[in-house]
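Next up: some structures, all given as structure tokens.
Next, two complexes with subunit A in common: one pairs it with subunit B, the other with subunit C.
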Partner chain A sequence: MEAKIVEPKAPTTSSLFLDFWKTFSSNRVAVVGLVMLIVIILVAIFAEQLARYDITTSADITSKDIYQPPSEEHWFGTDDAGKDVYSNFVFGARVSLTVGFFAAFISIFVGGLMGIVAGFYGGRVENFLMRLTDIMLVIPDLPLLIVIVAMTRPSLMNIIFVIGLLGWTTTSRIVRSQTLAVKSRKFVLRARAIGAGNMHIIRHHILPLVLPLLVVNAILVISLAILNESTLAFLGLSDPTRLSWGQMLNFAFGRGAMSAGAWWALVVPGLGIVWVVLALTLLGHGLEQVLNPRLEFHHLMPGRPVVQREAGNVHSFAEEIHPVLLEVQDLSIHYVTEDQPPARAVENVSFTLHEGELLGLVGESGCGKTTLMLGLLRLLPAAGQIVGGQVDFMGKDITAMSEQELLDVRWNGISIIFQGAMNALNPVRTVGDQIKEAIVKHVALLPGDKVDERVVELLDLVGIAADHKDHYPHQYSGGMRQRAMIAMALACNPQVVIADEPTTALDVMIQAQILELLDELRKKLGLSIIFVTHDLGVVAEMCDSVLVMYGGVMAEYSDVDTIYNSAQHPYTQELLKAFPDLSKPEKRLASIPGYPPRLDNLPTGCRFAPRCPRAIERCHTEVPDLHILDKNHVASCHLVEA
Partner chain B sequence: MTQEFFLEVQNLKKYFVAGNPSLFSRVVKHVHAVDDVSLELERGEVIALVGESGCGKSTLALTLMGLEKSTDGKIIFEGIDITHADDKAQKLLRQRIQMVFQDPYESLNPTQTIEEIVGEPLVVHKIGVTADERRARVVQALEDAGLKPADIYMRRYPHELSGGQRQRVVIAGALVLEPHLLLADEPVSMLDVSIRAEILNLLADLRISRQISIIFITHDLGTVGYFADRVAVMYLGRIVEIGKMRDVLENPQHPYTRALLSVIPVPNPRLRRERVILQGETPNPIDLPRGCRFHPRCPIATEECQLTDPPYIEISPKHQAACLKTQKVS
Partner chain C sequence: MKRQQYLIRKISWAFFTIIFVLILNFFLFRILPGDPARSGIHDPRLKKEAVEAIRVRYGLDKPVINCIAKINPVEFGGCLINPMDTQFFIYVGNLLKGEMGISYHTNRPVSEILVERIWNTILLIGAGQILAIIFGVIFGIFAAWKARTTIDYVALLSSLLAWSLPTFWLGIILLFWGSNHGLPIGGKATPGMSSMPWEDQWIDIFRHMLLPTLTYTIVFMGEYMLIMRSSLLDVLSEDYILTAKAKGLSTFQILKDHALKNAMLPLVTIIAINLGFTVAGALQIETVFSWPGLGYTIFESVNRRDFPVLQGTFLLIAVSVILANLIVDLTYSYLDPRVQAES
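So, the complex of A and B:
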């Protein structure tokens, strides 16, 4: 039974390569580049078969044949020696590509090695290697290239080596910084802890993560090498026995192609160079997107509210003294992607928030709680769509608002304290400055000194001394940063503050401080707070009501006392049991076997059924309704019916 | 009579040089990450090391592992002084002492399969001659860590697993060498509550089935009550209170321990109680306060505390606290 639960759904066939190919092939730019490259490589390989004339002999050539325009016999015309340009082009591809690939190989090898060694060992080794790189970078490449090639015999071998040995600098810098980043990651420490030596760590941990970057870089280095070769050849510095595109250009240019009007002798090799460089650039650009998917997505595109469904089972905690501020009814949010079924991240969630109320929103990671909160303000990522329900904030439906109206609600009406305060603050601006920005953006026409006053007032409110205003986030401790985030959220006197896991990464003592602060602010300013957390224990001491979410749906929603003392949904009950209770430490901790469902692959019946200790057959086939147990107690479970 | 302990730490110190000494000043400042810590551990015992971030608990663990060189003091493991073990000895030690890291998302190499990750220690230590032999041990370790049946996980990559499963992989990677001592550095703090209990139970089971001693490092006293035999509370590089779990929970003597106990969330609104919330955060360990290092945040500090660095006072057998206000149980 347990094995069945734990067993992940997807078969084990997926491999990194297949994944890679799937993403790669969907990137049109990269595919075009790859095809272009393959074509020219095939041309170079099958030069003998493709060429229509033997370019090594001058037999059968008469003076009539010089600079003949393109014709049946000579597709691309003839050159200054009366030879077929097309055949020259085909053989030239071979030389140009050979030089490009081998020189790039040398550059990548040298640069990669130096970068990894410098980054990994650090200290003096790094200093020496990086200063060497800097010096090489400062010397202008081309003149040096010309001088060296001119001094040595310009054979193909020499040219490859010279270009290769001058082209490694950028690679070494990029690889070094990537190595530094990888080196500081925890799995390298773990490898050390198991007793692995340096060689092992470099081979198994550093190299695989540096490699993608190296590949992208290699492609750019190849095109650079081909360009360098062409330049050298154009200047007459090349192996006279091996015809390359650059050399074709050189001959044509130096032997009167321009004055003879023989454009084909110049254009054809030129196009060859452009073709290869373009192919490599496209491929490199595409690969970069594939290997670094973060470049692809854009955040915070406005979500599109879609058709409304008629309001379902509305419920509200009647007879409340405080007026209702926010009322969410049957809100559903899906993540829609092109070729996959939609991920039903939030379905039919309803709750009510009164003035001054503190609502705890509890659920495991991936249960849709953050999506729900972003949905309230329509700050969902592009794929996220509100597909049903409504969000009434002070009588107006947020899902139907225009962008302009939304701007007015965001921050002025409802603000968010984000999770992970370090990432949410801009590291290069002072904290005071960032709070100021939040004020100025939303409260127009406030004179400058009033704004400063307000910043100090806000900082004071969250317990930060005024002189910390001009400090940068890194000078703040974790707890202070979280306080600064709270100050920012309060900047425009919102009625509702959403606190998204504000204490999760903090120590227990700091966590207690932040909780105390939020509770204090609520009383002082009459705020309503939605406190999002995965930890039931955290909210017990200050919440008025609790909404427990599981797998995108409401499991149970009630006032705090009912949730903690007479919970009806098995999930709530199990969560409470999983909580360590120090008064009975001998008891074994209860745990919930299995893992939360994936939102794109939900069970057919109740979403909790596969993990539920009390599940009956019906639970696996039929989705439970939301049952109203009491005037302020809702649970979605078949068992409460009886 | 001297009793030989499984692990004995004597007056261990680990100082880091703080920043680069400036050109004009000769004064080198130190971060007192671990400052005179002594600790004994018996075979099969579980001790919890509790404290806020910056109290030096992770540095202590890394020093015990030999990943940081100690500044002063002694570490004796299974009767052998390992304080200055050379590289070869260190490598052997790694088979005996293993570590589980905090962040299961960061501590697994994304380009390796689960089989490679768990089998890596065997390759490093050249254990298991044939691939089949190694494979068998990997399967055993995975299943011991609760990933059953192991086959379906072996060829997967970390990103295909959930947080709880990843942490099990990390544990399997530590178990595969059959260590005698496991250092668990906040193994559950990044996990959801429902998954947390499973990992804690797993560690408790391993301790019984494999007779492993565990040093469990955490900032949350609440999670350790279940399976630790003893607790050591650390503050600014020093152990301020140590004793049997029961003794410390029921009769905490150091005001810092009491504060930590009071802020453990209780999942019941009917049990709301008075909490001691310490203001401010752990001061920086470069310029330690004079006298008792806790006095600037201590709710019961007196003038005496600013002058005297308190010695350990024995409250009951094996229960000690470094506080001048400690009351002895007669």
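So, the complex of A and C:
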């Protein structure tokens, strides 16, 4: 087996920055925001060069100059004092940005300090600081700002300090929770164990991880500070010697621009504020997406269209005592993402499910079991696409069904018991209500009390007392939730039930109970079940036939006796070795070294070849066909040939 | 049991915060340089006796609180006097009786002015908030449902833009536009309207409310939309939505029965957190449109240096926000059955 050992390279600061820049520059929203921000900062810096009039003097201004519309001499017109709005605007940028940045700096410094201290030291200090933060969060800040500024002298300094000292609450909260999260990470504990001091830990371990969040938060704080400053100035609370955009609006609004129709004096300063705040908002939104990327996928997005393709080699078993319910032929499912090769999650899988049959679907995590099951009902996530094959359910091809036909087959014909029933049940609706919903949807025209009777009957079937009907999922225990999920799956008397690892996350006793229940129900109701699991012991005990999957393809498929007694595929053999056999307690358990292949980067030959103890040269280059070994037995392996 | 504990915790927290605000409100107006004692009495033409008379009239001759005789500049002393005879406890006692002092400007009791005006603010915030929530939720649902399509991007960008608009400036622009299209330029009613039949009076108030409410809706809708969108996206990627889909429910049924209630929960929290912004927005809008509510009262009293009114209004606004917060918290506990289970 070839294995390349790659030394993990320690990331250097410059490469981290380059990586960040690469992701950042591909985010158009963030780049637009940054460019807008740089432009207005340059305007503020070079105000002297850009202004066309001296705004400090009123010489040469006559009453004719008041509220003149935009013209060659005055690009944005003139204001109530006859001054050039454009020049005022350019200098106003300087005042507004100064207040915004300095006030935000104070807020972030105070908030960051409080957050780190609270999060790092905990205990009484934290309690006190967080209580204080909570109180300050509730008190409306603009009225408080107004009261304080109104009662002190509204100089630029005062305004910066008052805005800064009242704006720290959000920062302190965010920094505290991030510090708490970082504090308990392994490397911090390790640093502490080797005797690093508090200051060292804060500077070298906590600060670097809190910083990205602080930057995003800073952007929000700056924009709030600029908005607050302009609001105060508009209300007349600003430094009379330093003209900001808000003050320009105050003068224009209070001194008759409205009645003079001087829209320019009202529009231009406002656009300045919008420009800066929008730039910051876009930048913050973009940064947030870069630092905290989020897959915006959900279950209601339109799926990809099914690709219809003739099924090729079909392996239906010759001997058929019971009628066939579900026949899957050559089903292939890919996950398609832009600019990347598709992940071939399921390829050419075929199997047959008869009435009353219990089929075990076995394989390691990530080998396409769940994808295959979701594909049967076309419930794949938006990126998943059926690229070939057929799913015949009672003589009708599900892959060719219309949306409406599909809604009828789901739950009514084939239902699913999902793994992890905690999340599979809606937390804000009662369990009974959720079972009822399925019945109402599919069983037409049942009177209300009949539905309730049926719900009680179903709950009784899985051993849940009727008075638990009106309880919420969080009031159930883990085992009860799984039972409720089973009751829900049986609500419409489906022909086929898919049980997708129904016992994961349950303790061993409850697991046994649930399995027993499933087996009992199957006998009682004559259900056909596809049982997805990685527990071969359960399969041996309950199933009629077994399909072993590896890396998205069928490895071996046969009845349960054949699989256990004469497995041909090396993967099946290795799997069997990995499970305890009670009849041979002295036998050592073996594990299969390595991991299943990544589905977007599959080996060229047999998918199991890299881990196969019996692989030959050919296995690495040539994909094995499915070989029919016996009337009830197929395996895809070069070794079984001939 | 658990819900009871939750309620008691929330209510006692609100009570504690109100006490904090009471204390803050009292000292703020005595520490800062513009306190009533000096600003009202700073006129050099006033005789010493007149100044003293004013001090007595407003109770400013009494010690601030036990052990602190004067606060700006600090003067200690008088620890042994009857607490009920200090400025602080007289202030608390008066508040309990509903007395907030007399306006410097109009000589009317502050409480009378506030009672008159609070309803106008409630009317404006109520109408704007309801519209903003309705439209925000509707657009948010669309954006989340059509995530990563053009509809989504347009909705996202316009809500970011709406967020970036200074509220008062949007008000000015709308007022400018409205005044050129025959809408009233401010106030709550046209003078002389009180002699008209009541339908006409209501239509008149409605016309005056149109633009302020529109401003409010635009400013707050964007944020509600963003929250609704991201919260619905979270909910729609939950496992129970897949269950609902597997059950054969249609997209509409899933949205209506499984997604909306769950997605609305974060919105309720945001409405509570945003109450401060709500007040700030109303304050700006009322100022631009001269809408006679609490916000406009603050603007007026700042310009007139009418400190009793400013102090009373600030207290009323802060306490209202705290109580509204409490109400939202309590509502939340009824909406989300899990709250009872939380420790």
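Going forward, the second predicted complex is superposed on the first by the 440 of 642 C-alpha atoms of A that agree within 3 Å, B and C clash if a C-alpha of one lies under 4 Å from a C-alpha of the other, contacts with A are read in each partner's own complex, and residues count from 1 in each chain.
The rule is short, and it goes like this: contacts are C-beta pairs under 8 Å (C-beta built on N, C-alpha and C of every residue); 3 or more make two chains touch, one makes a residue touch a chain.
Every value quoted in this text rests on a predicted model; they were computed, and no experiment measured them.
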Which of the two partners, first being subunit B and second being subunit C, lies in contact with A:622: first, second, both, or neither?
neither
Looking at the overlay, what does A:593 touch: subunit B (first), subunit C (second), both, or neither?
first
Could you say whether A:235 touches subunit B, subunit C, both of them, or neither, answering first, second, both or neither?
second
If you stack the two complexes on chain A, which partner ends up touching A:560: first (subunit B), second (subunit C), both, or neither?
first
Using the superposition on chain A described above, determine whether A:630 touches subunit B (first), subunit C (second), both, or neither.
neither
Now for A:574: first (subunit B), second (subunit C), both, or neither, which partner does it touch?
first
Sites on subunit C touched by subunit A in the complex:
13, 17, 20-21, 24, 28-29, 32-35, 144-145, 147-148, 160-161, 163-169, 172-173, 175-176, 179, 185, 233, 236-251, 253-255, 257-258, 261-262, 265, 273, 275-276, 279-280, 283-284, 287-288, 298-299, 302-303, 307, 310-311, 313-314, 317-318, 321-322, 325, 335-338, 341
Within the complex, subunit B is touched by subunit A residues 2-3, 6-8, 10, 12, 14, 16, 185-187, 189-197, 200, 204-205, 208-209, 364-365, 477-480, 507-513, 516, 534-538, 540-541, 543, 560-561, 564-565, 574-576, 578-582, 585, 587-593, 595-596
Within their complex, state which residues of subunit B touch subunit A.
52-53, 65, 67, 90-91, 93-95, 98-99, 101-103, 106-112, 116, 120-121, 123-125, 147-149, 152, 155-157, 160-165, 170, 173-174, 177, 192-198, 200-201, 204, 219-223, 225-226, 245-246, 249, 259-261, 263-270, 272, 275, 277-279, 281
Okay, in this complex, where on subunit A does subunit C touch?
134-135, 137-144, 146-148, 150-153, 223, 227, 230-231, 234-237, 246, 249, 253, 258, 263, 266-267, 270, 273-274, 277-278, 281-282, 285, 296-301, 377, 379, 406-412, 415-416, 418, 420, 423-429, 437-438, 441-442, 472, 474-475, 488
